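Once you scroll down, you'll see the structures, which are given as structure tokens.
In what follows, subunit A forms one complex with subunit B and a second complex with subunit C.
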Partner chain A sequence: MKRYLHLTKNTYMVGLVWRFNAIFTVLSNLFYIVVIYFLWKNIYGSQATLREMTFPQTFIYLALTSSLFVVFKTFVDWQISRDIISGVITMDLIKPLDYQVSVLFRSAGFMLVQLTLIALPTLVILLVVFHAQMPIGINLLFFAISLVLAYLLSFMIDYMVGLTSFYTQSLWGISTAKEIIVLVLSGALIPIRFFPDALRNVLVYLPFQAIYNAPISILTDPILRTPDYLNMLGIQLLWVIAILVISRLFYAQAIKVLTIAGG
Partner chain B sequence: MLATLKHYSRIYILIEAQYIKARMQYRADFIISSIGMIFSNVVSVVVFWVLFQTVPLLAGWTFPEILFIYGFYLLAVSPAQIFFDHIWSLRWHLIEGTFIKYYFRPLNMMFYYMSEVFDLKGLAQVIIGISVLVYASIQLHIVWSFWRIISLLVALFGASLVVISLLTIASSAAFWFMNAYPILSLAFKLREYSQYPMTIFGAFFRILFTYLIPIGWIAFYPSQIFLRPSEASWTVYLSPLVGIALFILAYRIWLWGVDGYTGTGS
Partner chain C sequence: MSIIEIKNLTKHFKVLNRREGLLGAARDLFSTDYKMIKAVDDISFEIQPGEIVGYIGPNGAGKSTTIKMMTGILKPTSGMILVNGQIPYKNRQRNVQNIGVIFGQRTQLWWDLPVIESFKLLKEIYRVDQQTYDRQMGMFNELSNLKALHSQAVRSLSLGQRMLCDIAASFLHNPRIVFLDEPTIGLDVSIKAKIRDLIKELNRTQNTTIILTTHDIGDVEALCSRIIIIDQGRVLYDGDIKRVHQLFGGFRTLKAHVVPFLGDETVEQVRRVLEDCYGQSENLTVRSRETGWVNITVNQDKMPLLEVLNVAMSNFEIKDVQIVEITLESIIRRLYDGALK
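Here is the complex of A and B:
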């Protein structure tokens, strides 16, 4: 465990070097938040609630999911793909460490950088400028657990996308398609309650809502109670286990086709 | 002037023919990238569709009208995607010093630099853009007379110059800051917000998106000419001029950067 934590620490230090990038990422996210603010303000018009959600609720939900998206985007898929294509991956394979776990702990370092440099300033601006409100109580504890599970899910999906580079070196298309499927089906672009009923009944059974909808709903939805939280965490945990098994099997298959040109 | 244009067109076709031949070795990459492109273009249609399940109008605009603006947007961003995709590598060429090579050809440098990449997956975007525009036009009963098609092409020309100019200015920041990736990616994100009606914004952001970061001219203002011409202000007819003026500015900034670049010494 300690060996892996060093990986996290190292990438955290490296990540802090990119402070200049962080300013622009915060700015970019704030522009997005401004756009969804005005967009949804117009959608609500004079109506107090739509689909049992008030405007402030919908706004804070979307603002937080977009921030979480930025935090979770650690470019794991691009890193793995680059390592496979350049052959650097062999350096990881000869180490007495599990490959997936090493990549996870490295990605976690970068994720923590984004959490401190991007998510926290954004959260402060949301609270001060937009007067965002959220229930404070036991939900914070459940939110923390849910966040970890959501990150694991997001990581494992990116990890599998990266592994496709064993077969094809066309990552841009696969990564873009993955990103969009996850964003739409997880309720990150539009809250899941706004989808037509038939579609929504399907979405709640897919793994994607466990990435953004579950943690942000636990944080912001005042209707939910402890049994709801436990139910959502249970679904998240089931998906983490299922995707973990799938990603291990995929790796076992993919590694067989690896050929590195000399070196 | 005409002779120069002919000369450059010939060279461009020669360069791209070679480029496409080389890219076609990676046919799977082309197909997968095009699928990724189609996904990223169709997502907005899905989002708008879901929104319009709940509300009939968005800031006074109907679903087909919003789709028309979106189709216009897709076509307006395509030339930048297809012909100017090399801007994303500018920072690498500057940092590693390989940009020096572009000084040694008897060709316009911006032309020569941009001609090195022809983004094939952008063609998928054009197809989606045309499909969305045609679908929206049928829903809106827009009759495409000869003159209306000509004005659409002129409006698209101006709008695509706005996109090209914004991205060129953002990537030219690399001449001064080296790692300009965050600036370019911010400009790229801002470009996406031009698919929304500018009337949704409050006064501050409307002024910002009209005059300072003029993304309003990418899709919303020029599409007024076709959507509700009787309600549109006369200024929307100036959109081609906005594009040309911005491109002149962007080209000046690019030249300024090119003149000041000293290479890496290697």
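Here is the complex of A and C:
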């Protein structure tokens, strides 16, 4: 474990080297948040609530999901793809480490950079400029757990998308498709509450909402109580286990392209 | 006991026969027209602990494929392979603990970070204890003054400095075997010499077995006592480098820039003049590879190069001369011609 944590430490340092990248990401994220603010202010018009959500609730929810989207975006799929196509992946295979776990811990380093350099400043701005309010209590503990599970899910989906490069030479299409599916179905673009009931009842059980909707709802939704939190964490955990198994099987299959066919 | 044991090792790749043009590319999408390529075709050899073996051959000979099978990245089609008494591709994670690998075109160092960070990481990854780490780092510093580079970002190193660091990195966990795939590619003469010294010293002090693939005959001559030459997936020669050297060591190619140069006619004239002098033999060949230049290959042990040059200069106007060392390719050509049989 300590060995893998050292990978995280190194990528964290690399992330700090690229600090200009972080500055511009903060700025573009803030710009996006301002757009959301005015868009939804107009959607709400004079109505106090839509779907039992007030305007401030909806706005904070979307501002946070979009920030989380930036934090989780460590380009794992692109890195894996590049390593596979250029053959750099052999440098990982000659190390006495598990491939998936080392990619995870490297990605976590970048994720933590983005958490500290992008999400924290954004959160401060939301609290100070937009007077954001959120319940403070036991939900913070559940939020922390939920955040870790959400990150694992997000990572494993990217990881599997990256592995498809063993079969195709171009990642662009599949990566874009994944991004749109995740954005829409996870509630990162429009809160899950706003979907039609029938669709919502399905979405709640899909892995996508477990990435953005679950942690941000736990953090911001004042209606939810401990049983709701546990329910959401339970669904997240089940998906983490399921996708972990699928991704391990997928890797075992995909790596044969390299070991048998030579890449 | 042998540290590497390879018996009847074979690796076949299935490759799609591609068709020409747009229509061909479209048809290839559904094609099942494969051909088999025998990248490694029934090779056998054993390597003893502490040896430095030159594993050489032209591009596409199957060198890298063999190395990849020895490191456990590729699974053989058939045959037996044991490294450290283990089958490499089974339980890869455990087996790579005892090997170090350099792929000359790649680096295992962290591009954006100071050199020392990569070493600290490798210390963790291979679970190197502090005492061993200090000893190894001290030795690297003694041999190639690496300490001066510790705080530099890898991206700012020259190619040669980076290669020195990469070699040190692959020896950090004191592996029993190190595979060096083209460690001197693209480097100038002085840094090549430094790298050869480092490899030699590491082999001597740690008794590390080293498998070296290279296109540079200079590397092989400086480091290896034994060479394995392969071509088209088969072993052409396996044995003492001295024997190969005795046969080819004397050969040098003299490149002469002759004016006026009339193509084959000039080559023919040069040959006739030299053969009149020395007689026809395998110790003397004349050919032209590029316009203006005539290549005269002679066996120095049989006829002094300078004398041949004198004869040529007294008969032709020669504006420039170069002396070329014998290349791997010509050694292999001669092996095919049966020079060792």
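Things worth noting here:
Following the convention adopted for this analysis, the second predicted complex is superposed on the first by the 258 of 263 C-alpha atoms of A that agree within 3 Å, B and C clash if a C-alpha of one lies under 4 Å from a C-alpha of the other, contacts with A are read in each partner's own complex, and residues count from 1 in each chain.
Definition applied: a residue touches a chain if its C-beta (ideal position, glycine included) is under 8 Å from a C-beta of that chain, and two chains touch if they have at least 3 such contacts.
All of these numbers come straight from a predicted model, not from anything done at the bench.
When the two structures are aligned on the shared chain, A:Ser247 is found in touch with neither subunit B nor subunit C. Once the two complexes are laid over each other on the shared chain, residue contacts for A:Leu258 go to subunit C alone; subunit B is not touched.
By the document's definition of touching, of the two partners only subunit C reaches A:Val14; subunit B does not.
By the touch criterion defined above, A:Gln169 reaches subunit B but does not reach subunit C. For subunit A, the partner with contacts to more residues, out of subunit B and subunit C, is B. After overlaying the two complexes on the shared chain, residue contacts for A:Phe24 are found with subunit B alone; subunit C is out of touch. For subunit A in complex with subunit C, the touching residues are 2-3, 6-7, 10, 13-14, 17-18, 87-88, 90-91, 93-98, 258-262. Those residues of subunit B that touch subunit A in the complex are listed here as 26, 28-29, 32-37, 39-40, 43, 46-47, 50-51, 53-55, 58-59, 121, 179, 181-183, 185-186, 189-190, 193, 196, 200-202, 205. On the side of subunit C, the complex with subunit A involves touching residues 11, 13-14, 39, 65, 68, 71-75, 89, 92-94, 96-97, 99, 101, 103, 106-108, 110, 112-113, 117, 120-121, 124-127.
Residues 20-21, 23-25, 27-28, 31-32, 34-35, 38-39, 41-43, 45, 50-51, 168-170, 172-177, 180-181, 183-184, 189-190, 194-196 of subunit A are the ones that touch subunit B when the two sit in their complex.
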